[in-house]
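First chain A sits with chain B, and in the next complex the same chain sits with chain C.
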Partner chain A sequence: MQNVLDTFFNVQQMLAALPQLLRVGLPNTLLLTAASFTLAVILGLLLSMALVSKFWWLRTPARIWVDIWRGLPAILSILIIGGGLPLAGFDVFGRSTYAYAITALGIINGAFLAETFRSGIQSVEVGQTEAARSLGISGAKTMALFIVPQGLRRVMPAAMNQFIICLKETALIYILGLVAVRRELFSIGHDAAAANGNYSVMVAAGILFLAITIPTTYLVNAWDRSLREGRRPRDVDDQPAAPAPLTKVS
Partner chain B sequence: MSKSLLRSRGALRVRLSAAALSIAAVTLALTACAADPGSNTPGTGPDGSSVAPSDSGPDLGLLVPGKLTATSLRSQVPMSYVDANGEPIGFAVELAKEVAERLGLEIEFTLDDVAAAISGVVTEKYDIMVAAVVQTEERQETMDFSMGWYWAPSVIISLEENPYPDIEDLFGKTVAVVQATAQEAQLHARFPEITAQVFADQTAAVTALKGRQVDAALLGGVNSLTVAEEEPSIILGAEVEETTPSGFVLPKGNTALADAVNAAIQDIIDDGTFMELWDAEVPFPPSEMALETFPALRQ
Partner chain C sequence: MPTPERVLEIRGLTKVFNGRTVLQDFDLDVHAGETVCVIGPSGSGKSTMLRCINRLEVADGGSILVEGRRMPKDGKDLDRLRSRLGMVFQQFNLFPHMSVVKNVMSGLVHAKGMSRAEAHEIAMAKLELVGLSRRARNRPLQLSGGERQRVAIARALAMDPAIILFDEPTSSLDPELVRSVLDLMRDLASRDITMLVVTHEMGFARQAADKVVFMADGRLVEQGPPTELFDNPRSERLRSFLSEVL
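This part shows the complex of A and B:
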């Protein structure tokens, strides 16, 4: 038992690494997560619309794209984009490791979000579409104004799940090689483990991950609750009037 | 299952028990695969009975008396790596086998990666880590080392289109190194003017060099030679001398084992076996530092 405590919970080592974790690791992790998730949401939205489109030339490429990036292991995807692209001559981001990493994480999580958003959009009752179309509103406007907003609201908790997954996947970008000031939380822990044979700093990094994910989870649950339950009912004056009686049409 | 069975009243129960059975079967299979075949409890033999330490010598504090429980690496060429069948080979492996023989011990290898192997010795999962590990001051706080028997030569590699022949040319530039290697320790300790970009493995580092993401790479001597041979666009630069020795990793405080291992290594050097093994496994001669430290190596 003492061995476990020494290897995983050596407080001295954790405290010694804390400045690095807080000043370098935490900001880098947050930056990576925020940037890649933003990209993921944009890509996910575009892809989900393509997936439900009536045009096969939009649907099929979107389907193939989503299947590939959802299916490949994330670390391989990061390697392909961050290592493969420059190697093939497309150094679109010059030397910026983070730009490649954010692109990769954005594409991977965007593929998952595409499916999430698609299921939300398709869960909106067909009566909504019928009602909008029968009022003369075009197909595209119906989607944009009625279907997509409702659909997205329904899957917000699932989308925020993907945020947490995205956060944890930032631990994989070490494969692209990091300079000291660009290390995110996990790589600081891993470096310490390779140097000292001790995993305590990795555990400390893990605790910081929890410090981000747990409050996020509670916030998202509160938001979801407020969306579902709506505002508190007001008092008597605002109740709707009794419905008019049906009259016969002669 | 027949359709009627699936539709009948008891269908739910049947399906639930089928699911439960398959989960149980999968769990059992996984546990069987993951079960540790050998016993590593200190002081007990393979059948669980207590075994007194071997009375042919001092108690070395081994996890399993009579056996060196060792860990080795997968790709530390030419010191500690694997052949096509996954069996450990390399100079460090051969040296360790020779040491075990001289101490009258068996030796058993488990493959691991650097961080886990080092951690394994520190947490008493292994008696010894068989590889060339640089004896940095940071490491000496939590683990012991055998006497240093290797001074890792490092060689710069860079792109032919943008060469960096000497280490001084790289001041202010970005150089790729592999995590936990002697080269990473070297850049960190002796060349802070160089920005070190640390990669998880050599392939990632070389890919980054070829993709012009870094200016050069600093790899172990043999590795640099191999890469330069295989990649037409990469050329060799100067060798960077290493001053910190590498050796086996041993558990902290186990002086009996360290003394025994060091005595064995010294014997192996003195009677010429060291050079025999070296010539068989290592394609370059021992460095100046090695020859100065162990005059017996001079032939």
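This part shows the complex of A and C:
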């Protein structure tokens, strides 16, 4: 028992690593998450509209792309993009590991968001499209102003879930190798474990992850609940009209 | 006296769906200022016919002329011609994420490219006409069914269309809410708004229509002034239909 406590909950080691975790690890983790999720949202939106497009030459490539990046293990995708691309000569970002990492995480989570957004868009009743088109509003404007806004609102909780997943996935980028000041939470924990043969710093990193994910999960659930139970339509009777002058034939 | 302009001219409209003939050789004229009611049993093709006019459904044969112009297949021309037609749906189909007045403005701003200020003025005037200007800032979900349908009518009116198509506008309403919508439609008819109304409300058809069309099995069976059709039905089909619904 003492061994367990010492291996995972060595408070001295945790406290020693805390400054690093809070001043280097946490900001980097948050930066990575924010940047890659932003990219994921943009990609997800574009892909989702391609997935529901009437043009097969938009739909099919989008479908293939989404299926691939949803199907591959995240760590493999990160390595292919972050490690493989530079090797193959696509040295777009130079030495910046972060840029590759953000690209990879953006692509992976973007594929998942594409499916989420697509299902939201397709859940909007066809009557909405019919009403907008009947007014003479173009297909593109109908999508952009009437369908997508409604569709996105519906899947906000699911999209926020993806945010939490994206946050956790930032831990995987350690596989690309990071310089000391660029280390996110997990790599700090991992390096300490490798150096000291002790996992306490990794546990501390884990606690910091939980400090973000658990409250976010509760917030998302609360939001989801309020969306579902939200304002009910008012049951109001119309004002009674003047009595009809002629006999009703009905 | 010059004959009123033919706003809508349908010739030989035909549609087959899944092997079933939904519309067969359907002809119809609607003149400016007319109110035409289309009645008939369920599955008679009434709604399909209406939805073919603004190309929500695509007919397999025949022609549709709106203000003398053929309905284009797609693209900006279709959008333009659609803006000459108004449609009121059975399920209202208001945009729930926008206020009532924004709903009424939507066609003016996004189809006609009107400035928001001008569109707002017109929208408020139409809301006044349907008696709902006090609800301009509300969201559709806060309104009753009858109020929502009246907003939908205002939305169609705002576009100043050549003709408004009504697809069973009161069929989704609770009985006590139907009257307010029918009163409004009667008022519009008396103002010479051109209307083509698919409906089960025989009372409304009798009182407000200039012409009633009876459809069954995808065909036009009989048409004429309401008094003729309701009091002196010529076809057996119409007679049996009327005996069932009246």
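The working rule: the second predicted complex is superposed on the first by the 218 of 250 C-alpha atoms of A that agree within 3 Å, B and C clash if a C-alpha of one lies under 4 Å from a C-alpha of the other, contacts with A are read in each partner's own complex, and residues count from 1 in each chain.
In the analysis below, a contact is a pair of C-beta atoms (placed from the backbone, for glycine too) under 8 Å apart; a residue touches a chain by one contact, two chains touch by 3 or more.
Remember, predicted model here, so these are calculated numbers, not experimental data.
J.: Which holds for A:Glu229: it touches chain B only (first), chain C only (second), both, or neither?
T.: neither
J.: Considering only touches as defined above, state whether A:Leu145 meets chain B (first), chain C (second), both or neither.
T.: second
J.: Looking at the overlay, does A:Gln128 come into contact with chain B only (first), chain C only (second), both, or neither?
T.: second
J.: After superposition on the shared chain, which partner residues are touched by A:Ile175: those of chain B (first), chain C (second), both, or neither?
T.: The answer is first: A:Ile175 touches chain B but not chain C.
J.: Where on chain C does chain A make contact in their complex?
T.: It comes out as residues 54, 56, 76, 79-87, 89, 91, 93-97, 106-107, 110-112, 141-144, 146-147, 155, 159, 176-177, 179-180, 183, 201-203, 206-207, 230, 246.
J.: Quick one: in the complex, what on chain B touches chain A?
T.: Those residues of chain B that touch chain A are 114-115, 118-124, 136, 138-139, 141-143, 174, 176, 179-180, 195-200, 204-205, 207-208, 210-214, 249.
J.: So in the complex, which bits of chain A are touching chain B?
T.: 3, 6-7, 79, 83-87, 91, 95, 97, 174-180, 190-191, 193-199
J.: Using the touch rule from the top, collect the residues of chain A that touch chain C in their complex.
T.: Those in contact with chain C are residues 125, 127-128, 130-138, 141, 145-146, 149-150, 153, 231, 233-239, 241-242, 244, 246, 248-250.
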